[in-house]
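Given below, in the form of structure tokens, are the structures.
Look at the two complexes coming up: chain A is in both, with chain B in one and chain C in the other.
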Partner chain A sequence: MMFQYFDTLVTGIENVLENDPSQKSHRKLYALEVARLGRRLYSGTDRLAWCGVVAPFDLLAAMGVTSCFVEFIGAMLAATGASSEFLKEAEDAGFAPDTCAYHRAVLGAGRKGMMPEPDFFIATSAPCTGGIGVMENMAAMFKKDLFVLNIPQNDDPASVAYLADQMRSLADFVSRHTGQPLSMNRLAEAVTYSNRAAAVMSEVYRLAEHVPSPVCAKDLRNFGIVAALLLGTPQAVTVAEAFRDAFAARIANNTPGVPGEKIRLLWIQNRVQFKNNLEDLLENEFHACIVADELNDVTWDPIDPADPFPGMAKRAISIPLNGPVERRVKHLADMARRYKIHGAINPCHFGCRQGTGARGLVALGLKQVNVPVLNLEVDCVDTRNYAPGQMHTRIAAFIEMLENRGNPWG
Partner chain B sequence: MNGPQLKLAGFACAYTPLALLDAAGMTPFRVLPVGGDWPDQAGTLLHDNICPHVKRVLNRAMAGDVPELSVMVFMNSCDAMRRLYDAWRAIRPQDRTFFVELPPTADENAVPYFVNALKRLAGELAEAGGDPIDQARLLNSLVAWKTIANLQDELRARVRRGSFPGGPARLQEIYNQCASRPFSDTLAALDALVRAPEEAAGNKGLVPVLLFGNVLPDPEAIALFEQCGAKIADEDLCTGSRLFAAGDPGTDPDPFRQLASMILGKPPCARTFDSSAPLSFARNVLSRARQAEAAGVIAHVVKFCDPYLARLPAVRETLRQQQIPFLLLEGDCTLGSLGQARTRIEAFMEMLR
Partner chain C sequence: MYFMGIDIGSLSCDAVIIDREGELLASSVVPTGARNQEAIARVSSEVFAASGLAQDDITSVVSTGYGRDRVHNRSGAVTEITCHARGIQALLPGTRLLVDIGGQDSKAIFMDQKGRVIDFAMNDKCAAGTGRFLEAMARALQVDIDELARLDRGSTGNLMLSSMCTVFAESEVVSLIAEGKEVCEIVAGLNRAIASRTAALVKRVAPDHNQDMPVAMSGGVARNHGVVRALSATLTAPVNVPDKPDIVGALGAALIARERALQTA
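Here is the complex of A and B:
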């Protein structure tokens, strides 16, 4: 069923692009590559690893393993309106409803045979404790080997060396399962693609900073986190270039993402994954645009293709959801300055301890750079308690407040 | 209790290297989440859906009900603990606060890294006014730790035999005292208790159960189980036996290496696991229940604790397969929340009879 879904998606987009090249857009290219990844995941032919969020996807690509973080499936089930059934399945099996719904959806999907059997699992201790728990359960469910990457909180030399060593051990673990040794040449090639993609993604984000911004809320939704799945491949570069070119053209043509842009918003952590009209409401009613997402940033330096493990380790440590909250706040404040943000929205995804547990200090930190934060109470995956009316009221009040205080950036 | 000469080292997690604090000439001080009626303010910094252990520890700190600390040591045990570390520094900037990486597994890369983290902490403690830790000092503290663990083992055995007056509730009081005293005082107190003759304490007619979970430090809460007819035949709580329980130190002469092995080899909290044996936590619960000849298993887990919530379905299933009755209590570390569960505990015990 899932293979069918992704296959139809791939064929549909390919047909459109072939028959009507004018329809070619950055979002379509991106959707195509994501659908192709989905098709490979469910093909039953590829070597497959289910992973944690910050696994080194370029290393896995270089080793011929199709890989994906499991939360992607949780988000996809939510986006297609199918999450409730799987959440219920997990809850019926005893997984508490007050845990992260990305994880519950995945556990439910695993139990209902909707997750293809992988060759092995790779858990990552960042961004969250719940993530390791779900991988341990999945490994037991599928009776497959589990490798755990412990991601330290800081990038001091000992921590980087430790994670780099773990990644070397991971390569050995993968080799043992695939029977293929790691080719350092292939890894260097993959890392070169990652570096090129990261450089172009940085350009994309710099273009998004433009006032008015060339982006609308949908353009870069989930972009940074999902694009990581393409790292190590030429597709990562192609997709990033398509975004860059689209935004550059919009700026050149004076076509902002949200016509009449008035309010520039920063979205904290993940977007709401199921269909909702919050973004439309913001853009159409208030000319407010989500110009920046916390996770849309390149927080790491180029990786040395000749000695890639330390650079890959630093990359994993650098993600905004890892490390002490001070670092996270610093990054958010920096984004606020770069993007000339008027206000930030934190969905406070129910069940995410690492994220919601930081909400007070995040709000205080952004207040110090004169950026108010709207803390919502929403489960980004589980629609069952979603109260759109209440959301709209709170967002409307927040935007009105932002309008009344004027532009903090002059 | 805390004379001016004591250098208090605050902590909140059972994985804290207490022997290192002792070797630095410091007195461990466990910031327990019970003992005061603090205003509930933690949600403003954290979120209401964070584990009540962490919230209550923060409430306590926000209410100023923590003595002057020379240092406060946090372990990287889980998301909630990381956020507590962040919030603590925001509300008590005057504290010297340290954060120690704690690998979730004890694999070949993790052990040396943890050794390194412990060595770094030793240096930080010395900079914060602690004594410099040399090998001999640390070895002495390791011996003291192990001795405390053995003495506590003996007291547990007496509780099981029904020959320790005050039973498990008194033992819990002792655990709490051990968590916030110099090792030397703890050794002396435990030694005196063990030397005292055994006395019949009357736990006849109670049904043996295994009690496991995380944070339940209130002796009255522990007493409640007995009042409901349970004999705690074995217990695995992070505010109970697990604090001083120690793994095998191994054969490495480096005491830091021994310390790392003893900590990573402790009976695991759900946040630590063996990646080569997924969900072995559930099998460990089963084998402890069998060893204790428990008629049933009671879990007391604080709400919103992701490490436990992720492993409880496996525990339930493993016990179900072996037809061992299981009762799950979710609480907020306090007697109050457990008191509400009294009827459920009584009904469970009734069923076990």
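Here is the complex of A and C:
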């Protein structure tokens, strides 16, 4: 069923692009590559690893393993309106309804046979340890081996060396399961693609900072976190270039992402994954645009292709959701300044101990740079906890408040 | 020029008409019921009758409340947060902190000196501490909702409720009645529970709040003197209630309608 879904999606987009090249857009190209990844995940022929969010996907690509973080499946089920059935399955099996719905959806999907059997699992202790629990459950369910990458909190030489060593062990673990040794040449090639993609993604984000911004809310939704799945491949570069070129053209043509842009918003953590009208409400009623997402940033340096493990380790450690909250707040404040943000929205995803636990400090940190934060009580995956009217009122009131404050950036 | 504000809440539908100078000419409050279109028609009819005006005399209408998009003849819809802030500034000038407890939500609004919203916090998908909560408790106590406001008199203030969930609290009240607890003690316990929950909202928007910062209260629950007293005691600050606390949102909406019309003119 899922293979058919992705296959139909791939074929449909390919046909559109072939028959009508004018339909070619950065977003379609991105959707095509994500759909192709989905098709490979469910093909039953590729070597497959279910992973944590900060697994080194370029290393796995270099070793011929199709890989994906499991939360992607939770988000995809929500986006297609299919999450409720799998959430219920997980709850019926005893997983508490107040745990993360990304993870519950995945567990339910696994129990209902909607997750293809992988060759192995790779968990990461960042961004959350809840993900490790999911991996342990899934590994037990499929009777497959699990490798856990323990991501250090601090970016210092000892921590980088510690994680780099784990990643070398991971390569050995993958080799044992695939029977294929790691080719350092292939890894160097993959890392070179990652570096090129990261450089272009940095350009994409710099263009998004433009006032008025060339982006609309849907342009960069989930972009940074999902683009990581393409790292190590030429497709990552192609997709990033398509976004860069589209935004550069919009700026050159004076075509902002949201016509008449009035309010510039920073979205904290992840978007609401199921269909909802919040972004339309922001853009159509208030000319407010989500110009930045917390996870849309390149926080790491280029990786040395000749010695890639330390660079990959530094990349995993550098993500905003890892490490002390002070670092996260500093990153958000820096984004607020770069993007000239008027206000930030924090969806405070139900069940995300890490995300909701930090909300007070995040709000305080952004307040210090004169950026108010709207904390929403929302489950980004579980529609059963969604009350559109309440969300509408909170967001509308927040925008009214921002309008009355005027532009803090002059 | 006359301006109208309509606040369509979950329990009540309120309307006011003001003149060009912003003076209140008439107001009306009716139950919303199950069909808010009927409530809108009725409250409009009542406020027109009270003011001696007709629809054609109204320059513009701004609606607010959860049903604000259901007012067909509106020239604009504004959230209840902004409208309550605007309304309380007209009724109690200089107010910086407003607590509004309506039928199904409660909110704390922090304003600057000009009455502009700086921050706000709302209850989260739960009717605990709202008008619905009090209705359920009045039902459990078998008293009228208006009577509930007076029943805390004479309490010792020792009884604490363990749950603010409307369902569990109703069961607890029934149990307390069965145990023979005095009604005044139960009602005082309910009021303190509401005050505690509301004070948490206040602390979220004004962490440095102290006794020198008076709080204003609007919404139907502000008519319940027991809740107002309990909130004042919990916040250790005066809680000021305007004469007509239920029309604050509608008044704010009318004032915004006026400001917008005068700006355009």
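Structure notes:
Criterion: the second predicted complex is superposed on the first by the 410 of 410 C-alpha atoms of A that agree within 3 Å, B and C clash if a C-alpha of one lies under 4 Å from a C-alpha of the other, contacts with A are read in each partner's own complex, and residues count from 1 in each chain.
By definition in this document, a residue touches a chain if its C-beta (ideal position, glycine included) is under 8 Å from a C-beta of that chain, and two chains touch if they have at least 3 such contacts.
Every value quoted in this text rests on a predicted model; they were computed, and no experiment measured them.
By the touch criterion defined above, A:P259 reaches neither chain B nor chain C. In the superposition on chain A, A:F350 makes contact with chain B only, not with chain C.
Applying the stated contact rule after C-alpha superposition, one finds that A:V134 touches chain B and leaves chain C untouched. Among chain B and chain C, the chain that touches a larger number of residues in chain A is B. Using the contact criterion defined above for the overlaid structures, shared-chain residue A:Q153 touches chain B, although it does not reach chain C.
Within the superposed three-chain model, A:N404 lies in touch with chain C and out of touch with chain B [touch as defined at top].
Common to the chain B and chain C contact sets on chain A is no residue at all.
By the touch criterion stated above, chain C contacts chain A in their complex at residues 66, 78-82, 105, 116-120, 122, 124-125.
For chain A in complex with chain C, the residues that touch the partner chain are 372, 377, 385, 387, 389-390, 393-394, 396-397, 400-401, 404-405.
Residues 44-47, 49-51, 76, 78-80, 82-83, 85-87, 89-90, 99, 101, 103-105, 107-110, 112-113, 116-117, 120, 271, 273, 275-276, 278-279, 303-304, 306-307, 309-314, 316-317 of chain B touch chain A in their complex. Within the complex formed with chain B, the residues of chain A that make contact are 93-96, 98-100, 123, 125, 128-130, 132-134, 136-137, 139-140, 145-148, 150, 152-153, 158-159, 162, 165-166, 169, 324-326, 348, 350-351, 353-354, 356-361, 364.
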